[in-house]
């Protein structure tokens, strides 16, 4: 399998969390598009740890360097390589973990897969791999912007606290990145409580694409829903994805959930903007289940590599709830998947629509 | 985009619901595996309409013909083409639909995408496209069987009726394909009521793979969860997918959802058998949200192709709940996705594990 | 690996020479293009055995059936499956070959690869596999025609007889498909002599694409030359390919072979229409080395499957020179490769150029 | 299209000749293989300009940095990113070329393709792009070494001077990299004469793989010959490729060119080690036509971007014959293509053979 997402717009991340660098190679961005390093850095800063009291206190500057594919502020149409050096590599935090497999983590599965072990952190399974996704997503967002598509995202649930509003202007005004200011406060309190318990809590993020014209996606194996689902479930710690009405609409009737369309407007959006795998002109709405972070400070029973178990507390600085930091990653993956679908539709029809 | 699922085990379906035939081309099945046409036919019969009082009464024999890739009862390692002729093509049922876009259907999005229209039914968006998936899935199931992997599936919710048992032996004993005999009766009653109202109802199916060794899947873009999510969301009428604890575990704490592992056994399975994108040796558990079928007999408001709306009732014979018929399709896609992951792991390590 | 050529325009052949059928699945043809079954059949007739005294006398009707993807004479944008039933399967001709590996053939390599053996003919390595390529090529030619691209081809050498003219109107007027009428007669005489000796002779075919605009292809791994080379070398019995000046220009100087361009016209075409992997607006010219057919009537020393050797004459009806029948296959592959490059350029720029 | 070669072993190069860096991302190398940075540097040094009196006198240190995928001297199975900073960027040499399209170069085709222009050198079409290929090839060579495959290469013709010996031990002992010491001296004299004329001369390189077991490659579209042809023709300045007997055998008879095999040994190698697209156990032999370098010091007529022509001499330091420096690139591409075929065969059979 591979580290690449997309076929025409291909995003390949690289780098281990405790190696020299992480980064991304983006191939297939059309030529002549403005590429703004500050916009890329801005997205990376949104993903970065240490932004607020409710994220991990690790310090990573995450300064991006664009190595290729851009000249004179414009994309050349050639591969764009972007690099972020790793700085705060406290590998010794991981020394106690050399001989055990952390519960919930990918340690055991990874060792079974590769037969070799890099115990210095999560390696490729670390959330740090998403640095490259976010940098690539910044390019995708800008590209989509040229055809009128806008990407939004926010945390809509933490534990059992649900957001009821979708006021996207609120998202960057609270540390939870919640589009409901009142819910944000409850969420923040819950996250702080969880942090103090050396535990973690899950949540749901919602991602929206506005302005996608009808016609993107494919009717069978490459349904736009399928591509979006893969994009989302490729993000670390995600365990579910739903489009539009999702699981909730399974309890309803067809007469309730068939979105009535008058040729211009949809009365409802149970389809989440995708009908039969193809964008239908409505807003694309995706929700992603984010599990409680597997890295917690509480002592846990762990399998030892040589057999038997041991109770160990994982040192280090953990995120009590990763939702706020998954939001920019989700936005990036949504933008990346849509850019690929956009280019495919251009190939099919020979024009933008 | 394409009609192909998989990279090493590649499944490409073809055929319109009201054209001469539907079928599938399967490329990448290893050589020397027993191929049993009756096993393929058996799976097609499970998918076929008209099996019971709660499925559509359309009659389709769905007799499969294997055109290539098999000699002397064994796979040759070359592409296997399988063909099912279309027989019961009551296109005239669709005549009233020539000028309108059915709500919930892909009609409008498809027309926007291609600029041409085949109004004779759903074309590629029809559930009939899944014939090819099921035929390919039968090959994948058999292939996985040679390395000890078993695929199970059933309907675990219809409307608001939930299955509480997972007695897989029950599945083929009730028309709902529910692994809980008591729930099956309630589900059946609900489906019959819905049918009488000329409406449809949604549900959830669950799919399980037993015996998958640790190590299948990839840590980043090709996470096994991502591949499974794409596989499931490529099935018509699906709008959500979750692995293991899924959306439910987002309300819990990390200390509750980190599956404790003693080196041999997991105490729980919130990960659904996949950790960091890689199979962890536990059962793989996937649940899929199936929306209420969009084809219903009730009159509905439809956008007219030339503008304006019209209220039309869709003639024809519809499925009041498609879950029972989605089960074999879901099993097929699970088997197809896992076969691809299996072959990738063989490439990586040079052996079966 | 796979049986598919192309990424956006994907052509997958299937079928064994002595199985029930051969065929092809074409995915990615844009919608709304006229599809003429007679044009497809016409190309298949050009490839068919038994056309003249200098091709094999096997009789194969090679009647094509279009199973999907076409409605009302137009492409739907969905996969087009095409089927040709096998009829003249004289498998018993191959009975003496059950236990030996024919020299020059793929028998031994195939057995080593798959571990199973279908001795009934060449299986997938048979020239019969090219039926599907030719059918797909007919679609590609028609598609390219809509953007002004024309495909030509002919035999330009047989043994040591070289064509000096490139009068493409001659090609279908002589059985060698040579664009030089005088050379054609010498070639034909050589082929007949070779046939009488129960031997075979090689040759070179040349393929030309006119009207390709500048900009198709890619600067690095997917150079248009690379794609064309792969397309040609994927044809059975080919052992060399050159573009433009090819091997001949390796003996010249840069000052001789740099094609001078005045902004509209090129003085020469050493580049063969491709500069740095990208079409440059000049005619695309490709030559392909076709080895002497490996199936000959003369007795030959063959390795036996159980060890040792045996001298055997291969029964059956052979082509003394396959160049005339490779010409339509070469044209098909050129058209297929260019169609893929065309669609990629549409994706990149969002329009036809 | 893309900048990637391979499907299971994926090599993607990036970087413009006059941008900050060039490099490569290698995805799919199996885990646990020894990775020796010095072996990578050694191959880069073989490709580097300024090695001898007959190569360009540009100075580039080409120091490689391995950014990911390697830990403790072993591959992790994750993507390996390798970076070489550009140093000797004399962009001003190119200032006179801002407004013209150099003959033989990709300038015009590239501008037509992308609509933007980076006149600072060849950009992605520069020979400098091959730095990444060579670094990746070093990994591939090492990987193949673990299964007994050895890669060799040399210059076998320059202009009209042909090598008659294949004494591979000679290759690194003369600046032409010719496996025939006597021919090497004549070649060197011809190259020096050509350099003094401010011109360039073409040639042929030959590449050999020893120890490839039978069974690698595929019978149809992904024939090993097709993959090797694409690999070679993706190298800048190549215009032809042949396997085994190649174009020469087209003048012969089947009875001469069918390689007789006694079950262990082949009497001849007209097939070049590949039968029906699958390796047959014989040495794999590929020859590549390298055109005279298009960058020459002589004044040439050039099309001006705004219309009309101009006679310009290209400043800078050119290679009078690039064959010696193409040899390591050819070896790299052979190794890369074979590694991909090797992994595919492991997937098919579940073991090394």
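Worth pointing out:
In order of appearance the chains are A, B, C and D, and numbering begins at 1 in each one.
Keep in mind that, in the parts below, a contact is a pair of C-beta atoms (placed from the backbone, for glycine too) under 8 Å apart; a residue touches a chain by one contact, two chains touch by 3 or more.
These numbers were taken from a predicted model, which means no experiment stands behind them.
Within the contact network of the assembly, the step distance from subunit B to subunit C comes to 1. Ranked by how far their CA centres sit from the centre of subunit D, the chains are topped by B.
Centroid to centroid, with C-alpha atoms defining each point, subunit A and subunit D lie 38 Å apart.
With centres defined as mean CA coordinates, subunit D is found 46 Å away from subunit B.
Mean C-alpha position of subunit C lies 26 Å from that of subunit D.
With touch defined as above, residues shared between interfaces to two or more other chains in subunit C number as follows: 2-4, 7, 12-13, 31, 77-78, 113-115, 123-124, 219, 344, 348-349.
Partner subunit D is touched in their complex by these residues of subunit C: 1-5, 7, 11-13, 101-106, 108-110, 112-115, 122-125, 129, 157, 159-160, 194, 197, 199-204, 213-223, 225-234, 236, 238-247, 249-263, 270-272, 274-281, 289-296, 298, 300-304, 307-309, 341, 344-345, 348-349, 353.
Partner subunit D is touched in their complex by these residues of subunit B: 7-8, 30-31, 77-78, 219, 343-344, 346-352.
Against subunit D, the residues of subunit A that register as touching in their complex are 2-4, 10, 12-16, 19-23, 25, 27-28, 31-32, 65-69, 71, 74, 76-81, 83, 113-116, 118, 120, 123-124.
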